[in-house]
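Letters A, B, C, D, E and F name the chains as they come in the text, with residue numbers starting at 1 for each one.
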Amino acid sequence: MNLLTVSGSPHVHDHQNVKSIMYGVVVAMIPAIFVSVYFFGLDSARVIFISVSACLFFEWAIQKYLLKGALTINDGSALVTGVLLAFNVPSNLPAWMIIVGALVSIGIAKMSFGGLGKNPFNPALIGRVFLLISFPVQMTSWPIPKALFSSSVTDAITGPTTLGILKEGLNAGKTVQELMANSGFPGYVNDMVGAQGGSLGEISAIALLIGAIYMLLRRIITWHIPVAYAGSAIIFSGILWLVDPTRYIDPAMHMLAGGMILGVFFMATDMSSSPMSPKGQIVYGVGAGLLTIMIRVWGAYPEGVSFAILIMNAFTPLINKAFKPRRFGEVIIKK
Amino acid sequence: MKTFKLGGIHPGENKLSAGAAIEILPLPTQVCIPVSQNLGAPSKVVVEKGAVIRTGQLIAKGEAFISSNVHSSVSGKVTKIDSVIDTSGYKRPAVYIDVEGDEWEESIDRSQDIISDIRLSREEIISRLNETGIVGLGGATFPSHVKLMIPEGKKAEYLLINGVECEPYLTSDHRLMLERGREMMIGVKILMKGLNVTKAYIGIERNKPDAIDHLLKISAEFPGIEIIPLKVKYPQGGEKQLIKAVLNREVPSGKLPIEVGCVVNNVGTALAVYEAVQKNKPLIDRVVTVTGKSLKKPSNLLVRIGTPVNQLIDFAGGLPEDTGKVINGGPMMGKALTSLEVPVVKGTSGILILPENESRRIPVINCIRCARCISVCPMGLEPVLLAQLSENQVYEAAEKEHILDCIECGSCQYTCPAGRPLLDYLRLGKNKVGVIIRNRGKK
Amino acid sequence: MEIIGIIILALLVNNVVLAQFLGICPFLGVSQKVSTSLGMGAAVIFVMALANLVTYLIQFFILVPLHIEFMQTITFIFIIAFLVQVVEIILKKAAPALYQALGIYLPLITTNCAVLGIAILAVQKNYSLVESVVYASAIAAGFTLALILMAGIREQMENTGYPAGMKGFPMSLIIAGLLSLAFMGFAGLV
Amino acid sequence: MSQLKYFTNGLFKENPSFVLVLGTCPTLAVTTAAINGIGMGAATTFVLVFSNLMIAALKDLIPNKVRIAAFIVIIATFVTIVDLVMKAFTPDLYATLGIFIPLIVVNCIILGRAEAFAQKSNVVPAILDGLGMGIGFTLAITLMGSIREILGNGSIFNIKLVAEDANTILIFILPPGAFITYGYLIAIMNRMKKRYNI
Amino acid sequence: MNETLVYAVISLSAIGVISAIILYFVAQKFKVIEDPRIDIVADLLPGANCGGCGLAGCRAFAEEIVRSEDLSKLNCPVSSRDAMKQIAAAMGLEAPERDPMIAVVRCSGSRVNAPQKVIYDGALSCSFAHALSAGESGCPNGCLGLGDCVVSCKFDAIYMDETTGLPVVSDENCVACGACITACPRSIIELRLKGKKDRRIFVSCVNTEKGGPAKKNCSVACIGCGKCVKECPYDAITLVNNLAWIDFSKCRLCRKCEPVCPTGSILETNFPARKEKPGEPEIVAEKTEA
Amino acid sequence: MAKLESSLRNMILSLLLISLVMSAALGFVYNLTKDPIAAASKAKEVKAVKEVLPEFDNDPTTEIKVVEGLTFYPATQGGKPIGFAVKTYTEKGYSGRFDLMVGFLPDGKINNIVVLEQKETPGLGTKMKEPKFKDQFNTLDIGSLNNQELKVKKDGGTIDAISAATISSRAFCDGVQKAYNIYMKNFAMNIAGVNDSTMMKGGKQ
């Protein structure tokens, strides 16, 4: 007879594990990857490839030579970070900058803290913001995607994002309506399918939504953060829009343009850096939503998602402390 | 469909033995009866080595308030009074008896007749349960007569009968309700009388439709008893969850069900109560599920207390080749056994045999802070935090985070994708916090 | 509106710790626990507001009229040290509970360069008396904010564990760096 | 020589920036370029040496209760002197170091050394200690400055190392870069200390 | 003399004088009496806040010393004797003399000596494994090898020997704070006299089972045969519950008991090598203290 | 020697003594450095003026005129005005205010510009100091521009903004424009080379 195994209960386990969750996220990102390759051509495949390999390499190297712990590169988390980092940069970013971004994401934001699950900030976003601040020129010149259904990829021309056009124009004193009437403006439909300038993973709302639905169905993410985030952003931007539609963009455009959908479903939901209790997640989502709109409307940057999420990441431990789950039997029932 | 709201999981049910009728396990040649089988103080042995005793004879007397009598489950000769490593893993004093024949005490009514009118008074019921050593068979083995003695100032309104059997694999309660429903219902009536309540609910999960139908059918004969079908969700069998599911009342943190006017008993307990009160039979046997995917014949067996576990396994087809783990109880709350010689005790509801490939935990990696453990915890705790605090030995903080509320259901560890040994650390923490609180009391 | 601008600027955009590098020593030192960092924060807010009030008066009623602006550093720091000590002594006697909560941080404040730095900056910025005090309070609140965020993260790290090589200052500094990165998002709000 | 160890102490073993982690504000704030490190270091060293000297000399004249106040006056005087002198003779450097010159007053190193060392020792060790600490501080912040200047600006001591319009990692001369560089430098120092058992 | 100079001197002196006066009066008025010796004592303590003294940290210990003015019942295990003497001097008291102690691990049940009986697959915590009664070797008292003691030591004085799977105490680092003793769920670790030149003799076993079962689980278990008790010329060894224990206050390190133990469960540390008697199994080699 | 005890008298005396000595020392150093400091700041001004204007032989710092918050330094060569240096500023920089010295030739054309005090982001906004950006303004005649307005290309103007630092570039234009406007308004420049003396007197103080 074999030796018996002893352990405390429980003796059975759910079928989901970290690996299946992480690969689930990768699966959810596939539609967006296709859209970006369609619009930006092989360039975007190049960026994703470099970013993913660099992330995996740094994770491996740091674990092996610095932390000297167990090697866990195949748990999929570095893969997710790699793809998301790629999603957050323009498709024409030079290779070495992508590698710097990967080093920052994995080396500084993740492994310094001990690796998977211990990082207080979202690694991919730290990488992206680091790049944005270090290389503002390269990080803000986005190739213009080809028009929908045309065959050639116009990779040489760069131009602003939807939000960039609006911010620039509003600063110059134009009204929202004037800017949206302009012929170069992508418009709702293009923003939906992805025919807009932008980082390579954020352009197509539809592709991202498909992935998000997949993640929700597989219970990789819960509804709390996305709903709170998008909800508060819509309400806040809606109020501003009602106050003055010429100066403030309407909520629909806020949702479709820029990294909103990507951030709401893929980045704000990163488990390591977001609160744990449902209440906490709602507070976090609302905070991120408000900050995003504030930064977009009044800040120096046209896009506020990354910063808003990072700032809320900083608040996460405090939120965790303040918003505990409702305990069973917490309210003494007087009968 | 009624159920509790907070947390909960739905592990694979694997009720392999649900169709197997209860069989009587042949008498073993030797039994070993641990004399401390209930929650609470150990009992005092009242027989001597070499004594010849009968089935049902008292062998150990519970002397403290929370303790209970132990009776011989067989007739024969006491060969030694020593200790045995029992299912709890600890060495406990035990009486070893060599079986000779099956001579029962005369006072026990061994007929098959069902006696439905309850002749004893409330006080007599309580002392009868005390004499016959009835303890809760739902797992905690709390002496049943103590449960009937409602503390001063409290009042029981409802009796809840726990027919949930939410543990995967286990089917002993299921079979019992199906095959001995009527006796069980009389037991419920007795308990109602003992508690002086007029309303009882029997909660049963929907994965036992035949038991529900059967009890619904006969419940007409038992006014005041209502059958409540419940949605299948673990750990609905936990008494706090059951009360929430059935009555939507929440037992306050750190308090007992009586706080919200409830008393919870297991169906097996109800049957034992029937036998004790109507037939004067002490608790000397119980239904045990023996099951496992590789086991030839998953069964439900009526077993005498003290029978070694390996005899049950032999009866069910022998220990499979690929056995990796043998569990006393269900897969969620049971204890892994280190040896197959341990005796069946009053609290043994099942013997589960897991094959080698299912007996190891998944590899442990870093917590990814996914909060699944939080979302499944039926007590609304933060298992991840509590386990960390316990691992880092900051027990005072763990106490503040209500570690003692944990009912050790294991949902958190079941669901953790990183395979963290959450419940291990929670148990450890609870233990240490308990010690801290006791020491505080001393000062 | 002006005042709100000053507050947002001081609290978020130009956070003392994360953007202006003042008061880093206590920021790194007293950020192990959220509860202590709250105490420290409260003490700093109180002292900064008081110090700015007094230094403002000294600057414009003594130094400027007498044309001895070069004595600014020496008089300011002297006054701050003096104030802190007086507050400490009084608190210890008059409100022992408050002293237990805040008092232990007071000596640390003397060497918190943010107090002196902000007193000097407020003068340089030509703020009015009210603005100067508001500015100082907002700066101190910004200090507290950074301190609490830091403490929250450090408390969490204590629970989850982290590489031994990063223990202590390296860990705190990396967290501070990432916090500062996140706070750059507030750029341009005012 | 036994006196010498007062001097070498501050260089590595008790380096104020990397080991004691005092005076963090200037370490982070002025190290956007290597040259600033030298300027700030020199100014701090001057103040350290003279205030250590003064305090060691006057220690018996100062009653305990006004100890800190007296130290502060002494330190502040030397700081103001440095301030005035730099303004007069090195106006460009003064412009970059800005507010951090007056803040030498509250630099924890100086008051820390006054309390922990000068107050208890004689003039010569006090001077040596001040000098060692000051030079240790200078070396440390010059190192920080060099790293940040190279990475963030592609130059060192204002000598361009890369093409004029090449991309450099700008963030290193911004606040987050300061924190991160400092953090990893201390981590590396700790590791070295452990490895070589210093 | 010019004006600025005069103003500067006057204003600073005025501020200085006024502050000194205010400070003085405030200090007088709001004086809080706190024994200054607390600070002095606290300064002399190591500040490790290890709790080895049984109080909540070093400051509490200092307060307690000053309050009770009695050092004999208070002892900081971490402080050197010199430091304690200094404290005593500061207090004007005598420091109690105390022989140095060290933690000793009383189990030699390595994998080789105590073969594996079951596979343990749970949290890596001795306390937890103990609660499950699941030592892999089957010895109900032996070391579980999961290192709760290592974690508990604040002085890096215990480490796990990779080959034996047993903890080893370092002679240099251990300050006898006793944290590991509390941590070990099986009371395997004991504080014993450190011994001259770190020489110690002790029974490296805590198993209280009878000889048969004990031996079944572990080849170096103390079987309670009592040979050592008879051998000891100083009556230092007692046998309780089938387990021999050497009283270190009586033991004179004569080394007579070690060779007579049939299972080799008596351990000697840091003695010069004995002359090898042929044919005697070398069991001690399995575990040598650092 | 034993330490002095903390009696009131000792405390006051000791602090008084130290304050006295130290403030005296300070006052002394202040007096010593007062002139060099003034000289240094003047030298800086003169240097900046020299950089932005062609050769001159007067001391413009003695003839400064302050108009609408801007400082004007008239420069003459052999008594003949050869232009004005204007110390101007803008509040619109990325990090708030920065100061510029703009040299105007008598005809209103810009001769050269130097950046004085600024707090822009190193590596971004600070690129305005580099010739690549600021030399675009040399010999530029704002008067000949559309609406006489200086703008970056993004806003429909002629100036190539520093990449990723449009804000600083705009602010730079703003500062120069301000100087130009006030200069044109107050110093009634004779663009076609009218009488020099009128120009010199033009400033309304």
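The working rule: a contact is a pair of C-beta atoms (placed from the backbone, for glycine too) under 8 Å apart; a residue touches a chain by one contact, two chains touch by 3 or more.
Treat the numbers as computed from the prediction; the structure is a model and nothing was measured.
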Practice item. Go through the assembly and pull out the chains touching chain B as well as chain C. Key: A, E
Check your understanding: What pair of chains is linked by the most C-beta contacts?
Key -> A-B
Review point. Measuring between mean CA coordinates, which chain is farthest from chain E?
Key: F
Exercise for review: Determine the centre-to-centre distance between chain E and chain F, using the mean Cα coordinates as centres, and give it in whole Å.
Suggested key: 71
Point to revise | Interchain centroid distance [CA atoms averaged], chain A/chain F, Å | key: 45
Point to revise | Distance between the centres, which are taken as Cα means, of chain F and chain C, whole angstrom | key: 33
Point to revise | chain E: positions in contact with at least two other chains | key: 4, 8, 11-12, 15-16, 19-20, 23-24, 27, 117-118, 121-123, 128, 132, 134
Practice item. Could you list the positions in chain D whose residues touch two or more of the other chains? Key: 65-66, 69, 73, 76-77, 80, 84, 168, 170-171, 174, 176, 180
Exercise for review: Indicate the residues of chain A shared as contacts by at least two other chains.
Suggested key: 4-8, 108, 114, 117-118, 130, 133, 136-137, 300
Check your understanding: So which chains end up touching which?
Key -> A-B, A-C, A-D, A-E, A-F, B-C, B-E, C-D, C-E, C-F, D-E, D-F, E-F
Practice item. Report the residues of chain F in contact with chain C in the complex, numbered from low to high. Key: 22-23, 26-27, 30
Exercise for review: Can you check the complex and tell me which residues of chain A touch chain D?
Suggested key: 97, 100, 108, 130, 133-138
Review point. Tell me, which parts of chain B touch chain C in their complex?
Key: 367, 385, 388-389, 392
Exercise for review: Name, in rising order, each residue of chain A that touches chain F in their complex.
Suggested key: 136-137, 140, 168, 172, 300
Study note, to complete from the structure: In the complex, the residues of chain E that touch chain B are 117-118, 121-123, 125, 127-128, 131-134, 138, 140, 151-152
